[in-house]
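See below for the structure under consideration.
Residue numbering begins at 1 within each chain, and the chains themselves are lettered A, B and C in the order written.
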Amino acid sequence: MRRTSLIGVVTALAVGLVSFQASAKDLFYYIGNGVIQVIDGDTDDIVADIPAEGWLRESALSPDKRYLYVTARRHLIHKVDLKANKVVQTLDVSGGGWDRFIYGFDVAPDGKTAYASIRARTTEGGEVVVKPPRLSQLDLATGKVLRTLELPWDAATLTTVRDGRMVYVIGKDLYKIDVSDDQMRLVETYPMYEKQMNFLPFWNYAWENGGVFMANYYTPELMGLLAIDKKTGEIRDTPLNGIPVFAYSVIYSPDKKKAYGVMDELNVIDLETKTYESITVNHQGTCYGINVSSDGSKVYVGGGGSTVTVFDARTLRPLKVLQMATDGMDLRRVTF
Amino acid sequence: MSDKKAVLKALNEKARAIETLAEGEEESARALQEGPPGMPAGCTTVFDTGWETNPRPTYPVGNCQASARDFHGCAGDCWWPAQVPDGLTNHPDVDKQCPNVARDWRKLQYD
Amino acid sequence: MSATYAWADHRLFRWDGEPVLYGVDDVSLFHLDREAAEVLARWRPAEPLVLDQTPPQDRPVLEAFRRARLLVPARARRPRPRPPAGTPLSTLVLEVAQDCNLACRYCYADGGTYHGAPRLLPPAVARRAARYLVDRSGSHGEVTLVLFGGEPLLNLPAVRAAVDEAETAARAAGKRVRFSLTTNGTLVTEEVCEFLHRHRVSVSVSLDGPPEVHDANRPTRGGSGSYRAARRGLALLLGSPRAPVAARVTLPPAQWDRIPEVFDHLIGLGVHEVGIAPASPVTRDLLPTAEQEEALFAGFSGLANRFLAAVGKGEVLPFSNLLDLLARIHLGASRSAPCGAGLGYLAVDTEGRFFLCHRLVGEEPFRVGDLDSGPRPEAIRGCLEALAAPREEPCSRCWARALCRGGCHYENHLRETVLGLPFGGTCGFVRRWIELGIRVYARLCASGHEELLGRIGARARC
């Protein structure tokens, strides 16, 4: 009896291992215009189109990887069911006479609420009235605003950290907001402006980077990488040596020994020496988004124009160019 | 092409290049006349949103990329509202008209 | 849609009854069939013309002219091409020795010195200049270093230094460097030959033909002829099959009637190509008479006819002047300047100073910087504009403008500024020469030699 069950356990383990390996699957989500296209990371073919109204911007993943939330036209939030490959709900933050614009969005670790930095505009007596941006916590089921906090005028991109106890909002400086109490409070400012850091962290790939929000910034002298550990809230600044490259977006290799950046070229950054290792022309032209396969063997660049180019991460030769239905903004990877 | 008379024969490379260019221009002009939406007469046969360049002595050195690949990123968020449709206020549907600039530029209608 | 059209500036040539149309600004060449020639004759005086109001029977032909850019929108006026400024270097001429062991009678460089005391380029300056060329060549994958003088072989240490430094710098930059050297041939030794061949230096030897012609033009400092010494040097250079050797001929007007025998003599010596330059009128006695100018054209024209005859037998007569002209006609590149001077092409003298071109070395108004501070773009632009200004209007009326662009800067400076001659002294010859080139080109097309023309055209690309 014991022996049988032991064999049973071993078999189950083995089957589990095999099936785990077989099911470790990368799907890439191309964030386009009016559509999200799904690329199978095994074959690099487009396997599904998910219609989603509007020009799409930020994306955030639910903790159980079931739903991808994607903002559109800066005021819609689509909830995309990644099993059914369809939009199952759309929230609109505009209304009540106010146009609202989302410039930062992240789902809270509870998966039930989200934080957004939202600026609002209306017209009164023929005059435009614009309100300072606010950090808003939204109920994802109803779209109801649970609470808000006025932010500095420059506040935009945001990320939740420390298991949802804090939200970091990024503008000219980085604002640490304590959201653990009923009343959200700005508790600390991490200075960037006085350090002449110019930062556009729209592309930050927190979940692909294993929970590290990371993007490149520029000073008059150099390019650096600013990384935020979502778990601990720690901020790590890595100035790079050498003449800076131009990159919209940067992502880590899975082993974090390298980083890849893209704009007009695919740049490889050696994180041990903090130098640029290589610069490879992407013949398709300018790209906004970048991603890496979960085994590190392939680099994907795309968006901007309507192409995705798959590079061999080792040789930096293009393996495939996919023609997408629309121009795009980003490319996200979800590994199931 | 069959209605064209071959009364001139190009002799040097420049003359051949001019003939090739003329064929390309006529194809583009025909494309404009096909199906709705009709383009107003006198409209340009060439779509060029401009070029993005790098004036600094850094990578990409001497860069000159078609700004078409930066069109939607600029339009939706209103980065350069003078050059592209302003997607926040006046043209929130810019992506519907022209989801793929390289393919759909003929459908762009904004001022 | 009733656009009005006008005829683009063009010139109609007719040879053996066959009409060939030359687009003056495009440098385009079209053969016309009979119908096209008739329609052109009928409609040429009628402008501006409204295309869609022309009779239906003529319209397809007129449309063909429009597609060929020979009929252009009436109000379109093409701006004169402006030379770009601040272009990266592609060719640098080093004045390796401002000194010479010969005393050629027509020398524009005052016995090779370019005025002043004889002097040599220090090897250290040669190295700096060579490196400068590679460093400032921008995106060019290939650059050319010209070793010039005076007589460059008077200063072998600088020749070696320049070649070594250019090769080192080019290797580091992943570029290719071509070398060329112009010599009078009298100082060539086996050691020199070995060096030139090893570094693939292409060599031009200044040779003026048979001994009595050559020696009359190119005596040594002591007054004896240099033919024998030059020929000895040439024989050494031709001993290796690896690098072609060109003969560079300069003839004063009194010898222009001897072009055929000069050409044949040099080919007989085994040179691979012969280029013939009329001597610049550095003194007034070198200004030609009308008869002499006629003899020059007759000489060139005779060689062109021999070129055509040779092609018929499957041979190419290596007459550089004609090959270069045919190459330019083949590509049809419309020039913005007569040459590359100041536009990627500069000369450096023995003191490390930049001049607009090798022939203008030592002429203060054309000094445009030095190796310490680099070429001054505004000085280059100023020189080019000053040189172009007096010819802008007359050239705009000349059908040969796109292939000529005003002619040699030095020659113009010499004639107009130094000698005070009126503008245009060489224009008649230049137009006849270009017309001859177009005629040869059209003949070669008509006889099915497009492939040969393609090969000749490759000359203008490099």
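The definition used in the following text is that contacts are C-beta pairs under 8 Å (C-beta built on N, C-alpha and C of every residue); 3 or more make two chains touch, one makes a residue touch a chain.
For clarity, every value in this text was computed on a predicted model and none was experimentally measured.
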Category of the chain touch graph - line, ring, star, complete, other: line
Innermost chain, taking as reference the mean of every protein Cα atom displayed: B
Length of the line joining the C-alpha centres of chain B and chain C, rounded to whole Å: 39
Whole-Å gap between the CA centroids of chain A and chain C: 60
Separation of mean Cα positions, chain B and chain A [Å, integer]: 31
Chain B residues counted as touching two or more neighbouring chains: none
Interface hub residues of chain A, defined as touching at least two other chains: none
Residue ranges of chain C in contact with chain B within the complex: 1, 20-21, 23, 26-33, 35-36, 39, 60-61, 63-65, 67-69, 139, 329-333, 441-442, 445, 453, 457
Residues on chain A engaged by chain B in the complex (per definition of touch): 32-35, 54-55, 57, 73-74, 101, 243-246, 263-265, 267, 279, 285-288, 304-306, 324-329
Interface residues, chain B side, partner chain C - complex: 3-15, 17-19, 22, 26, 41, 62
Residue ranges of chain B touching chain A (in the complex, touch as defined): 52, 54, 58-60, 63, 65-66, 68-73, 75-77, 87-88, 92, 94-96, 99-103
